[in-house]
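Order of writing sets the chain letters: A, B, C and D. Residues in each chain are counted from 1.
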């Protein structure tokens, strides 16, 4: 049984904490900006070349910033051993998982929405027509990243070298998300007909469903000895 | 521990036998000669010759019959080919010819054209595939034997 | 049951696997290297397939065993199942690495390149990364109970992910690279099938044998140290009494 | 009611707890003494269902410690070394959040009363980030009060508490005991524990030895 009450309170807590400290989102945004800057130094691009690589750069930046946010999601629970209190919640832990996924998704999505105009301006993109499809891609890929990322954030937070282990464990597992997101984004940015990249959206949707379910189930074992 | 060494001795012997067998098979049936070796040694029976089809010498008569010179490092070898339609018979191409050397006419009678072999890759792949596994297995079984001996010596196992 | 009786039992049992593996591999090597004709398209190089494909199959088999063992561990919490998982992960990683290595050696003469982002090579690389991640994760946890639990979780999630990774990489490849580089040249004729089958069965048996040895190794190691730890603690205890 | 049956725990190759057998009845307070590094916290964490014992099992309130964990958690509060408080939230929000997760929804008046009882009512709207260690401990105690647990596990409860705070805590423990609650506390402070503890034991080198509390002299302990 999932308690919606617990989900709501976890989301509330994460939002209030974030609103007051502004740690997660601000560090994600600035990190992403730096990544974008470094990329634009490393590739000197005309508009044609930019079209080819921009989707890749975008998702590399999003994935890395996402990992920063995900890492913070549970490492903040370490202060005053709050994680112990979460483990002792007398409910199924899936509720905590869903709350955390919702909060992480929201943070990552907000950062992506904030950064996207930056890409548009810095790399001279034209995106007026396909904006809704692009948002759908962002949505699906971010759900996938946060679904599996939240599980691994909770898993790595209690081990040594957690800052390194989170990306090491997470990145190979999100290969499908990255491929699908990059291909779909590329399609949308090029203004291709949606039929050409539909399969990637389907793949993302399947990934989201599968890993929300699997992670939801596995989270029980992460939290409960 | 004695059993352990006997077993691994057996494995080593089998491995050596297999390697020797494979090497003999390679030398007898698969190793190819260079054109100059053929001219000097004049081997009897069927051999494989590796070389390049010399430019401007290829003459095709009917389908499945051709004459050309096969170029080695310095010497070239006149070849008369008669066999299945040669798809990959072109000038300046490196080939393996299978056939017999006729010493009186000084012409190599080829009956088949093979693909240039890459035995180095095959040997490399098999060594890479099997050697680490054998070493790993050796190390593991050795460690198990040692641990077992240690547990036996420490008399700890009795209370379980 | 005393430890050495357990070990005796396993040792008697594992002999069948070890012997079977040896027989199959020797026969497979003989047929593969000497007894079978070269392939029409690939020539002699096709013989690399007889070692490469069994290694790859076996590593996938190993990962399946790992996932099943992990589920079993989460259900029953039996430490020896966890020892088995740890053993199978390490062996799977070795087999995957060797499959990649032999694949690269095969790629050089057939595709004229050591590495290509072929779907199969790419998904095996990701598999190897996941297995290495699993082994690394286990070294970074202090509590053995936690170590086993976290490892099991990662193994299960990775197992579910594997087919998705494979499909996504395959779609991605077909999108970017038409079928110029592929293994379609190799049609499995019966001449290829016999050595391939022998080597596959031999490799699976070898893997099972190595798994038994390694599980035994980890189990004995844990046992010995647990006993030593207990003796050490008892030593402290008696010292504090006096 | 707590009953431990042969609980042992090992980390890696080292066994830290050996065969702990312990029974605490309802309305009883058991004090667990022991020098630093005597794994008192580990034992408490096992009882708080945060860790799994390597050997043995325990019962709490008639429920199996490894099977009915959710039910045990609903009836148990663990006042741990860490205070389980969020720095960015204020006292009220912390209380509301922690209790909501346990399925309680205290009214503002309840919270006010609990905060007043631990004498930090004046700081109810201050972020916990600015609290001192003693105030945090008091807030954690207020949380425990609102949760009304049947079993109370206290890990070094007197650290960071001043004399008044200690008295508030002892008063609360007495109240729980008279309510038929079960209390297990770990400490190395004999004088502060003596007035509330009924029974006591020393945990040393991973083994528990029960002793009459009168026999324990404060200078025996580290």
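For this structure, a couple of remarks:
Simple rule for what comes next: a residue touches a chain if its C-beta (ideal position, glycine included) is under 8 Å from a C-beta of that chain, and two chains touch if they have at least 3 such contacts.
Note that the coordinates shown come from a computational prediction; the quantities given were computed from them, not determined experimentally.
Should one ask which of A-D and C-D has more C-beta pairs in contact, the pair is A-D. Here the CA centre of chain A is 38 Å from the CA centre of chain D.
Computed from the mean C-alpha positions, the centre of chain A lies at a distance of 53 Å from the centre of chain B.
Chain C and chain D have centres, each the mean of its CA atoms, that are 47 Å apart. The mean-CA centres of chain B and chain D are about 75 angstrom from one another, to the nearest whole unit.
In chain C, the residues that touch at least two other chains are 142, 145. Multi-chain contact residues of chain D (touching two or more other chains) are listed as 51-52.
Each of residues 225 in chain A touches at least two other chains. Because contacts link the chains in a way that matches no line, ring, star or complete pattern, their graph is best described as other.
Residues 148, 151, 155-156, 158-161, 165, 168-169, 171-173, 175-176, 179-180, 183, 199-200, 203, 206-207, 210-211, 214-215, 218, 221-222, 225 of chain A touch chain C in their complex. Here chain C touches chain A in the complex through residues 74, 126, 129-130, 133, 136-137, 140-142, 145-146, 149-150, 152-154, 156-158, 160-161, 164-165, 167-169, 171-172, 175, going by the rule given at the top. Chain D makes touch with chain C in their complex at residues 10-16, 18, 51-52, 54, 204-207. Against chain B, the residues of chain C that register as touching in their complex are 1-4, 7, 22, 26, 29-30, 33-34, 38, 42-45, 47-48, 51-52, 55, 94, 98, 101-102, 105-106, 108-109, 206, 209-210, 213-214, 216-217, 220-221, 223-224, 227, 231. If you check the complex, the residues on chain D that touch chain A are 48-52, 69-71, 73-74, 76, 78, 80-89, 93, 97-98, 100-103, 127, 136.
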